[in-house]
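Below: one structure, written as structure tokens.
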Amino acid sequence: MSTGISRRVYQRLIPLFIVSVFAGISLIVYFVTPSAASKAVSGEILQWGVVLSTVTMIYASITIMVMHTRRLAERKETTRMLFNSSVMVGSFVMVMAIGLFAPGGLTSELLEAVTTYIFGYIYAGILTDWAYHPYTSYRRFRLISAESTVMFITFLFTVLRNMTAVVVAVPGIAVIGDWIAAVPAMATMRAALAAAGIGQLVLGIRALAQREPGLIELEMK
Amino acid sequence: MGIILLVVIVTVMFNPVGLPISVSQQTQDFYNRLIKLKEGETVLWGFEGAVIGAYTEKKTAMRAVAQTIAKQKANIVWVSFYPHNPGQLLAFIEYSGLTKPPFNYKYGENIVIMPFLPGEETAMAAIAAGLKATFSTDVKGISIGDIPLLKKVDKITDFNLVLIQFGIFTYAEMFMRQWPAKYGIQVISMCTYSVVAAYYGTYVIGDLDLVRGNAEFEKLTGILGEDIVYMDIRNINCGITLALIAFGNIALYWSKVKKVPAEAKK
Amino acid sequence: MITWDMWIQLLGMFLGLVGLTFLFFGNTWAFSFVEHTYLGGTVAIALLQSIYTLKTSCFDLIAIGRALLIIPFIIGLLSFSRYTTSRWLARYPVAMMSGIGVGITIGLVLRAQILNASVMTIGDVLAAKPDTVSSVIVLIGVLIVLIYFTYSQKFSAITHTGGKMWYIGRLGRLFAMAAFGYLWAKIFIDEAIDAQIATMITIVKRTVDAFAAA
Amino acid sequence: MSLIAEGKNSDLLVFLFAAAFTIYYLWTAIQGRPQPLRRLPQFDAISDGIDRAVEEGKPVYVTPGGYAYLSGMYASMTIAGMEVTRHVARLAVRKGATPHFPVSVQPEAQPLVDGIYREACVEEGKPEAYRRENVQYFGNTEGNYSTGITGWIARDGASCYIVVGAFGGGIDTMPVEWASEWGGVTIGGTARWSHQGTITMLTDYPLHLDDIFALGAICTQDPVVMSSLTAGDIIKFLMMAIVFVGAILAAAGQPVLSWLKV
């Protein structure tokens, strides 16, 4: 029993307390008049966040490669999966080699060219899948309710507003398009940002009060 | 549908139509703020290129902006938030022509690129609080203390102008909260207007609304790039999609009209 | 003259066009090849750059006297405990990041999202911006959209389906939909239409132009 | 020198107001007087989607969004997404569906997702159901994430795709569209303003803005957490009052704008 309680303390309560402490310190720093001390504390906490994020990124990058390397070593998956993993590991090794051994390392012209032309172009090609957006617009914009009709009207005028040739031909389109941006969209945007901000605020206060279950897994080991 | 749109793109990109372009107020504001820069002033350029291909598609507009800054003889410090960004910015310095005549900018004296920093909003907050407390070197490994340009700027308030640039829709609120809202500064942006509209006039005082804004800016400055060709294709492809949506709805109502008499006969 | 990087550009064009084929041919072996080439290579870049960032933003600073930075570094390393039976140790870096993440936003949410929205709405009414009628419509819009986004039975039952004043919630929803149509249009243009154009110009036109010029 | 920074008095007042009501409703719920929330159809759709996954033998995907960071503005959306993730993981393990957990581009939340999945397996009495490869990180660019998930869907299929949290345009739209194309039910939401149109168009069950915090709270099935949303409603009424009364007072010549900037 006592072991269970102590586990609960160091596996759950202390992490939740840490959340509360760091959130609380950051909040106090926000409200108090800036001083050398508050600036130092704030700067240090932010740098801690940067370091934590960096280490976690290294962890995740290693994890993904460990998974694929293990898959290759075990050879239990299908040929296609092994092919995928071997391409991935091969590409990883090649880029690591360029970054580590090419003259200039991370700032080498070779790595810049590979980033821009190989990875940039591949992703640009894959992004063409966004061609689905026009298809989705075609498929889903059926004027069968007040909501879809209103949504379509603002969609239509905004698209027309962003077609420069149309605006030059019919200047009134710009007036309507800009009005949609400045009135219904602006009103909703303000309310929306506030509503979402309030949601964040309540969640943050729950975190401060250590009543936020989404922050941590609950398993006790 | 995808094939139709691709065919239009390929056809028009090699044969631009040259459809007309009008300059919006946000683009004019952006330009007006840039030409207020004075010699020796420094711009902090927050570059977020989460999409690895975003740089390649935006580099002609970035060149127009960088050259406009350079015409004012102002300096630029870049900060970025994704691992591939520093390499892209190094390539951009070469592409932009800043180091060549008539600008003859020198790295370290007029332009500097900082290493990427993970953590998004935390990273933005850290950068704004002070470059020297956040980085020990620039992207080339030169110690911060040995970089002449960084001797006169550190905190975000030391910069004469802050320019934020981000992918498409992400990061607006992060930038707004950590830079203008926190430090009471105003920024200009290169992003879709819809995400900065709520802050326009208070935190944001000029915006290039992506391709349209970029094309307008290129037209305004005369530093022509590809965005004007983009606008040609956008005009045509948007028209095709709107026509297809109209067709879809007409077909839907037609099928309903046909169905009603048939059911009435039953 | 054809330079070495132009050959890389040509290879990139070929791989980029293979990436595009997913739209028409699905998950082929060729697509898998470019997909995993991209994934592996970008993970390597991330790893290399993260290690460099760790040097410039942690180790170098520790070396010049900011010794406390060793703490987040060590706590960050606890993420690796996911590989061990003491997996719970990974909660410490998560907790610390969450605390910092939540903390640095709460205060600024109040100013940038809640108070700023109120100030600008009132300010627009005062300044009749963009015009008197529109500024009042914005004011009403802000109020009814906020009403639409209420959730407790206590306060939302009356303005949502089945409530006595359901039409207020409905009007809020319609207002929101008008804005969402505007937003979708921006996404549709900026992501779908422009991204496709960018792809073809970046991959194909620039490569063709480069070789033509050479 | 004042203790409170210049220009932050009104921020502090709103914060104290919010904190007082949130803590009050947390306290009353702990005392056994919870505040129920209105029904969200998206909550029921999650269960239906998992049933469908069991019937079809295809996986259910759940992600707190491509930008599910723990640092910064998306932290709260990520946390709300984690509550949904836990709920989905438990239901999926309980009903025998295969859950897939794509990890966001900034992998800060990966240990948390992995832990929640493992916890769900243990809680449901099926620790052997845990499979490490069901939690996948694809790399730290939008391309890695969206391409990785799209490929995953192409290989394994999708009965249901749930993305609640820090949804991104370049990153989450492609997987959602492909899941839909593969016949999956899609449930999606984010508090990010810019993507409200996107989720309206792309998902079968969209969640707008604050909806995700409400769904997160409902997914906890914890009356204490759910009750705190009543405080959120009260803060919204406060804001409405500020805007409405403020506009009238300002029109009457009172310096309302200066008060709000104090």
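Things to note:
Labels A, B, C and D are assigned to the chains in the order they are written; within every chain, residues are numbered from 1.
The definition used in the following text is that a contact is a pair of C-beta atoms (placed from the backbone, for glycine too) under 8 Å apart; a residue touches a chain by one contact, two chains touch by 3 or more.
Model, not experiment: these values are computed from the prediction.
Listed by label, the chains touching chain B and chain C alike are A, D. Closest chain to the protein centre (all Cα atoms averaged), using per-chain Cα means: C. Among the other chains, the CA centroid farthest from that of chain D is the one of B.
Inter-chain contacts peak for the pair A-C, counting C-beta pairs in contact. Chain C and chain D have Cα centroids separated by 14 Å. One simple way to say how far apart two chains are is to compare their mean CA positions; for chain A and chain C this gives 5 Å.
Chain B and chain D have Cα centroids separated by 29 Å. Chain A and chain D have Cα centroids lying 13 Å from one another. Under the contact definition stated at the top, the residues of chain C that touch 2 or more other chains are 22-23, 32, 35, 38-39, 42-43, 45-46, 48-50, 52-53, 57, 61, 79, 82, 87-88, 91, 93-94, 97-98, 100-102, 104-114, 117-118, 120-121, 139, 142-143, 146, 149, 176-177, 179-189, 191, 193, 195-196, 198-199, 202. The multi-chain contact residues of chain A, meaning those touching 2 or more other chains, are 27, 30-31, 46-47, 49-50, 52-54, 56-57, 59, 61, 63-64, 80, 84, 106, 111, 115-116, 119-124, 126-134, 137, 151-152, 155-156, 159, 162, 181-182, 185-186, 189-190, 192-196, 198, 200-201, 203-205, 207, 215-217, 219. Residue positions of chain D touching 2 or more other chains: 8, 11, 15, 69, 71-73, 76, 79, 106, 108, 110-112, 115, 118, 138-143, 147, 150-151, 155, 169-170, 173, 192-197, 200-201, 208-210, 214, 229, 232, 236, 239.
Because contacts link each chain to all the remaining chains, their graph is best described as complete. Per the touch definition, chain C reaches chain D in the complex via residues 22, 26-27, 31-32, 35, 38-39, 42-43, 46, 79, 82, 87-88, 90-91, 93-94, 97-98, 100-102, 104-107, 110-111, 114-115, 117-119, 121-123, 125-126, 139, 142-143, 146-147, 149-157, 160, 176-177, 179-187, 191. Contact residues on chain D toward chain B in their complex (touch as defined above): 67, 69, 71-74, 105-106, 140-143, 168-171, 192-195.
Of all residues in chain C, those touching chain A in their complex are 5, 8-9, 11-13, 15-20, 22-23, 29, 32-54, 57-58, 61, 66, 68-69, 71-73, 75-77, 79-80, 82, 85-88, 91-110, 112-114, 117-118, 120-121, 130, 134, 137-143, 145-146, 149, 173-189, 191-193, 195-196, 198-199, 202-203. Across the complex, chain D meets chain A through its residues 1-6, 8, 11-12, 15, 18-19, 22-23, 26, 71, 73, 76-83, 86, 103, 106-108, 110-112, 115-116, 118-119, 122-123, 132-133, 136-143, 146-147, 150-151, 155, 170, 173-174, 177-178, 181, 191-193, 196-197, 200-202, 208-210, 212-214, 216, 220, 222, 224-225, 228-229, 231-232, 235-236, 239. Considering their complex, residues 10-12, 14-16, 18-27, 30-31, 44-59, 61-65, 68, 80, 83-85, 87-96, 99-100, 106, 109, 111, 113-134, 137, 146-148, 150-156, 158-159, 162, 179-198, 200-201, 203-205, 207, 215-217, 219, 221 of chain A touch chain C.
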